[in-house]
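Next, two complexes with chain A in common: one pairs it with chain B, the other with chain C.
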Partner chain A sequence: MSSSERYMPEVLIVGGGATGTGIARDLAMRGVEVLLAEAGDLSSGASGGNHGMLHSGARYAVTDPEAARECATEGEVLKRIAGFCIEDTGGLFVSLPRDDHAYLDRFLDGCRGSGVRAEEISICEALRSEPNISSDIAAAVRVPDASVDPFFLVWGMAESAREAGATVLTHTPVTSLHVKEGRIARAVLGRGERRRTVRPEVVVNASGAWCGRVAAMAGQRIDMQLDKGSMVVFNGRLVNGLVNRLRPPADGDILVPHRSSTILGTTSGPGTLEDVRATATEVEGLLRAATEVLPGLSTARTIRSYAGVRPLLNGNGRGRQASRAFTVIDHSEGGVENLLSVAGGKLTTCRLMAEKASDAVMRRLGRSGACRTMLEEISPPVIGGGSFQEEVMRRKYGAFTGTILAECIGSPLGREEACSCESVSVGELEHFAASPDVISLSDLMRRTRAGMGYCQAGLCVFRMASALDAGEPRREIERFLAERWKGISPVLRGEQLRQEAFKAHLFKVHGIDHTREG
Partner chain B sequence: MTSRTMDGCIKCGACVRECPVLLQEGQDRFPGPRRLAVEGPRFNEELSALRSPLELCTTCARCTAACPSALPLPEALVQVRRLLYREKPRPERQENMLANIDGTLRTVLPSGPVTELPSTGDVLFFPGCIGHGRYPEGITSSLSLIRAVGGRPFAPQGWACCGSPLEKIGDEQRLARLEAHNKALFRGFDTVVTSCPGCTVQLRKRYGLDPQHIIEHIHGSGRLRRSSFDHGSPPIKVALHSPCHLARVVGPHTLEMARDLLDMVPGVDVVSTGLEDDCCGGGGGVASARPDVAERMAARKVQAAVEAGAELLLAPCPFCVINLGRTGLLNVQDLTVFLASRLLKAEGIYSPIP
Partner chain C sequence: MDLPETSCDVLVVGNGAAGCLASTLLAKRGYDVCMVSRGTTSTSLSTSRTSLSGVSRRKEVTQLLRGLGAAYGLFGSHPGKGEGITSLGSVVRQDLSSPHDWLCTGPERTAVLGLKGNADLDPDLLCRMAGRCDSIGECRPYWADLGLPSSIDAGGGPTITRESRVAVEELAEAISEMDEEMVIIPPLFLGPRHDLALSILERSSGRFIREAATPLSNPGRRLQACLERGALDSGCRLLGDRQVIGSLAQGHELREVRIMSGLREGTIRFGALVLATGNIVSGGLQVGCDGPYDPVFGLATDTCSTGSLRSPALTTALSVGIRNREGRAVRKDGSVMQNVWVAGSACPGLSYPLGRGLGHVASSALTIAEMVRGYL
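Coming up: the complex of A and B.
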């Protein structure tokens, strides 16, 4: 879209994570003209740096019943409307002999109280469904946890919002909000040639961990803290469903099977907005804790680590004690009548957050229109025959597969495999590279999963670069590999060490050192 | 958990470049060992879409030979088959094979007269289903060769299939049944001679025996020499096929032994085809699941032998002989049949298979 085009949205949404895209979808489906501006790519914030659990609510059943209740209902709603990016694997909570036994009853009570379907099962049954966990476990509870791919959820919501008429702009930061007579009169988005001004009636601040900064542009203060969480990615599926430690939430409690990998998390500690990464010490701590439940973990192949930052609203406790429930802040009390900030919450509750925020926007606009987001599917899961490549595509893109498939299958080159770890074809890369949303290799990776597998872009990076056709491919490749390396270096051991040594040889031919950051 | 194979890959691509089925059939039909044994099994339900390409692996183990980490790719692949075939019907010809096993304990029902085996002696010879039911000349020749080096071959009554084909297609239950049956028969013997490399490998891996392939047995005896063979036979140009399970699993020394033995036979000129090491396409259940693929693979090899001027193609494996023979482009014989036919004093040797 060219910058000369005029946008006259009723509502400006700041932030393209789960919350922002959820709100864009909700409002657009209610017939509101919305413009979403995202500073980077979709899911470049916490939505792309989380654990990928579709919470049943069980994890919060004891400590945070309100969040538990929200997760319990919303988890089921998302399974219904976003089945294409959810693997409904179910989950187990297991305790070890040294864990506090009294916690089991509190846990079951908490689940009952918050409407979380939890069922205690025998040790035998638990070991049957998860043969790799420690046979020492003392108790086991089955819960309806699931695994969700946040990249595809957010992308799906953005596409669904667009279909309903929303404009979604990525790589378009909101740079200033101009307040005049108690309301935001105009907002400036984009930089340089792409800079433009809009005059929305309402601004929704859905910028997650950045919400304090964005609110400050309008002279508003949000009292919040940043809490970092780190995760480790293992090659392949080490568990059949989610495995949680049955104890008060602590580090390294949860294993999530995620597509072709397993993700272990998380930690909790003070965070910053820049340079968010996991450290080798956090990785060690996570491994130590989780090996107690899954002994084989100590020799399993770690392929990378990553981290995300949670915005936690103050007055809600610190770190793990802070509530995971969300808040819609109406800034009219602070003197800006058309600014709403949405903060806190979970990926799991993003639809509900969007509904509540959109209700508030509708009131502010003085318009009516009921929420329809829980009725209409973003994309149904599409199942059915075909090659492995097609099957993998369907499980990524759901109903959006049709068009992409038509392009891929059209030519033998399109079908050719670009990333074999994740079975991504050249056609998929080209399809997404043609989107105005995609300007970097990281964007292309988030759309297709190319480069996310165990060789960490060792083989596909050149294919990706040629599909993207970026101005300075070499610089872009180096930038992308440096970002990968940030996640790899803390887990550099065993097989991954051999992998990276091999890659170093491959890249040397091209004069690239993939182990150098920036 | 993930297997050593799934975790040990560094994506050097050696297995992909070396896989003969991939080379022959192309990536679309057969994505190769890395996809099937390493990358694919990392996924969840997507894996079921690999069912049909999984049928095309001949378990030739060339990938393992090429892998810098020596990952046991064929074994890992067979493991995936096992997972996917649980309670699902198999290709028709494999179902037939299973029915045969249930009825007779052997994979094939004899298609003609069989070679009778003595039930007493001092060398336990395990005939194997293919030799017994489809290639009796191969049994006869093996018996002659064992006798020529001074042994008295015999086979236990009621022997069952060694289980190799069941393992390749991932049928654990029947496999265990056959093994228990055979183990009782083998009790008291630690040397077993086989003519089929598939059996040799299976007896070594699963029975705790020290089996010898017939080539090892007769070469190792040291009793065959140039004077053992008929000097009056007409000169002949032959090509030698290297059976995967013999050369790669039993050991490369077997091929040297085979060449040594051929060198002893007067008038034999061994021509080189350049494709000696390539899989014939018959192993791993491919011949029964996808005979078209097995035949295409065989044709490529046979064609190369014809072009090299060979009048006869020899393979020290009855299974390879039958698969290579499918093409009808060239006479194919088990090496033992050829050697036995050139022995000075031979008994019961017949002409090559039709």
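Coming up: the complex of A and C.
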């Protein structure tokens, strides 16, 4: 894309996470000219560093009824419009004998009050649907939780926004916002050759954890509370649906079956913007807590750990107590009339946040247009047909499969498997590597899942590098492996230690130390 | 159902480089040797490149490897300092090379031929990497879509197989369009005559044909096949798909081991035992939460710090091996097992990738074989 290309958007959206891409999709579908600028890659913040859980609202039924109600409705909407990246596995809340039994009634009351479809089931039935959980459980409640792949949800929303006419630019940071006479007159995007100036009528700050920083460019202050949550990924599906602990929210409460793995989370503690990672202590704590519910967990194979930062607003309580509701902040009171910030919220409510923010934008633009995001599908769930490989791809890319499929199945090379952990073909890698959005191996991984499996890019990294055709392949490979290693080192034991030893063996031949960071 | 009961003079556990070489040396001396194999070895996943730097008994090691490699087209060149080039353009030390290894030899212009569907060599990637390395001459990438499989058996007879002859012809045709005097191809050919297939390709194309070092691919399989053939030819018995699951000791000597194959179990009696199980990668040791341990024999483990990796945890796991006193395995209580020896990678510091490769493994096999003979 040449830097001489001129953009004249009505609305500039800062941030390419679930909120930003959601707003871009919403506004574009209402006929607004939007430009979304993301400093890194899509879902590189909290939208990528979360549990991959589509809340039924049950988790917040007691502590945060408003968030629970929003999750209950929005969860169902997302299942309808983004079925391709959601597995409607259902979930269980189970309590152990030592947990507070009075909580069960409060929980069921809370669910009823917030419209969450919760149903108490017998212990036998719970053990039948989840044979791996402890037979000591004292109570079980079935809820409509689901598992969502956030990378694909955000990518799907970005593509859907583009189809509706939006411009989405990744790796394009907003470098300055110039305020003149009480409004943002112009914004400078990108650096060096890619630098350009835009003069939007409204700027929407949807930068999640970076909201405070972006607002500060326009002289505005948002009091953010960064709350880190860490997660552990296990090989294979250890549970059939989501398994939650029925008690007031605490660490290591939730197990989510996710694609080829199971994710255990989370923790809650002060976070930072840079170098977000899980520590070995957090991993140990998570494992200890979750072993009570799933006794075999301590011997299961851990693949990696990761962490994300919840962009919470200060003043709504701390950490776990903080409200998960979202706020659209109008900065006209602070003296900038065309800046809106969206903060707080959850992945599950991203569409609703986008709708509310877009309504505010429309009012500011003085235009009308109804929200259509809950009616039009991002990509319908696609069922069956074709070869096994085609079906795997349809389940992954939904309706976007068409063009990729033509490239993959078209040639023998394209059909070749590049990443066997996640069943990614060479054709898929080449298709996404050709996209201007993808400049690093991490970007390529987020699009295709290559490198996310149990070998953690041990065998596919060279094929990924070869598809990406980066200027400095070795440095790119090292950078990518270092990023993987950050997540692996806190869980280094058992089978994964063997895997990493094998990788060391393999990489030594190429003179690469995959355990080297930075 | 039980496996037939077996007895032998020497039981060698593990069929990687250390196991094969120890078996060969002992069987040649007339002992009844049994070698049990569990599955894939690190040797078969290696690049087959061999460095002799710092190897003791260098002359004997050279003689041993060249002798075994002769029938397989391996290690044929005169030992000397050489540097091989990997499929990513990095350089590995290599003393015992074969005529078709891609070595740093001069500033020839080089063509790198990638075959579509063959993941061993990506010419674009290699050429860009090589462009940054001063010791490698100018490289130019080519791609060809010949529909060839990624390994082709060149056979072991006086001539190469028909399948490989067809492949050679197709490759020669693709190469005829290039200007460069040296052409790098992915390691395609397997079997003792793989070098003959490459020589024929050189003759028919008029170019020097070389292979880049690629791990997890045919070079390792060739080396494994070559060493295993050596052991079998010298009279050793190979019992495949067997895992050692238990052992019976009498005082300070081990008398028998229980082995398992699928659902069947059996017993092997022996006079002496050589543990050539490698480290955790190949499955000799298990890794628990507290670190690596030996699950079968109750032997003590040792670590050494020859590591070059940044991660201390991984370095420890990799450099761990069964503790030995002058080659004999040491139990957890500190006593020495009189008839159990540790060969090759299981010795601390020899485990690849922290160890120093085939040269050292061969040297260890020579020493252990002599000790076992002394005992028997």
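Here is the rule we use: the second predicted complex is superposed on the first by the 518 of 518 C-alpha atoms of A that agree within 3 Å, B and C clash if a C-alpha of one lies under 4 Å from a C-alpha of the other, contacts with A are read in each partner's own complex, and residues count from 1 in each chain.
Operating definition for what follows: a contact is a pair of C-beta atoms (placed from the backbone, for glycine too) under 8 Å apart; a residue touches a chain by one contact, two chains touch by 3 or more.
Keep in mind that what you see is a predicted model, and the values were worked out from it rather than measured.
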Can A:175 be said to touch chain B (first), chain C (second), both, or neither?
-> neither
Between chain B (first) and chain C (second), which, if any, makes contact with A:498: first, second, both or neither?
-> both
Using the touch definition from the top, say if A:279 reaches chain B (first), chain C (second), both or neither.
-> neither
After superposition on the shared chain, which partner residues are touched by A:301: those of chain B (first), chain C (second), both, or neither?
-> first
Common interface positions of chain A, toward chain B and toward chain C = 459, 494-495, 498, 502
Within the complex, chain C is touched by chain A residues 298, 411-413, 416, 418, 459, 462-463, 465-466, 469, 471-474, 485, 489, 492-495, 497-498, 500-502, 504-513, 515-517
In the complex with chain A, residue positions of chain C that touch it = 42, 45-47, 86-92, 116-117, 119, 122, 124-125, 128-129, 132, 145, 147, 213, 215-216, 279-281, 287-289, 308-311, 313-314, 317-318, 352-353
As the complex stands, chain A meets chain B at residues 87, 132, 234-238, 257, 259-261, 296, 300-301, 385-388, 390-392, 395, 415, 417, 420-421, 423, 453-455, 458-459, 494-495, 498-499, 502
Complex contact set, residues of chain B against chain A = 1-2, 6-13, 27-28, 31, 34-35, 39-46, 48-50, 53, 69
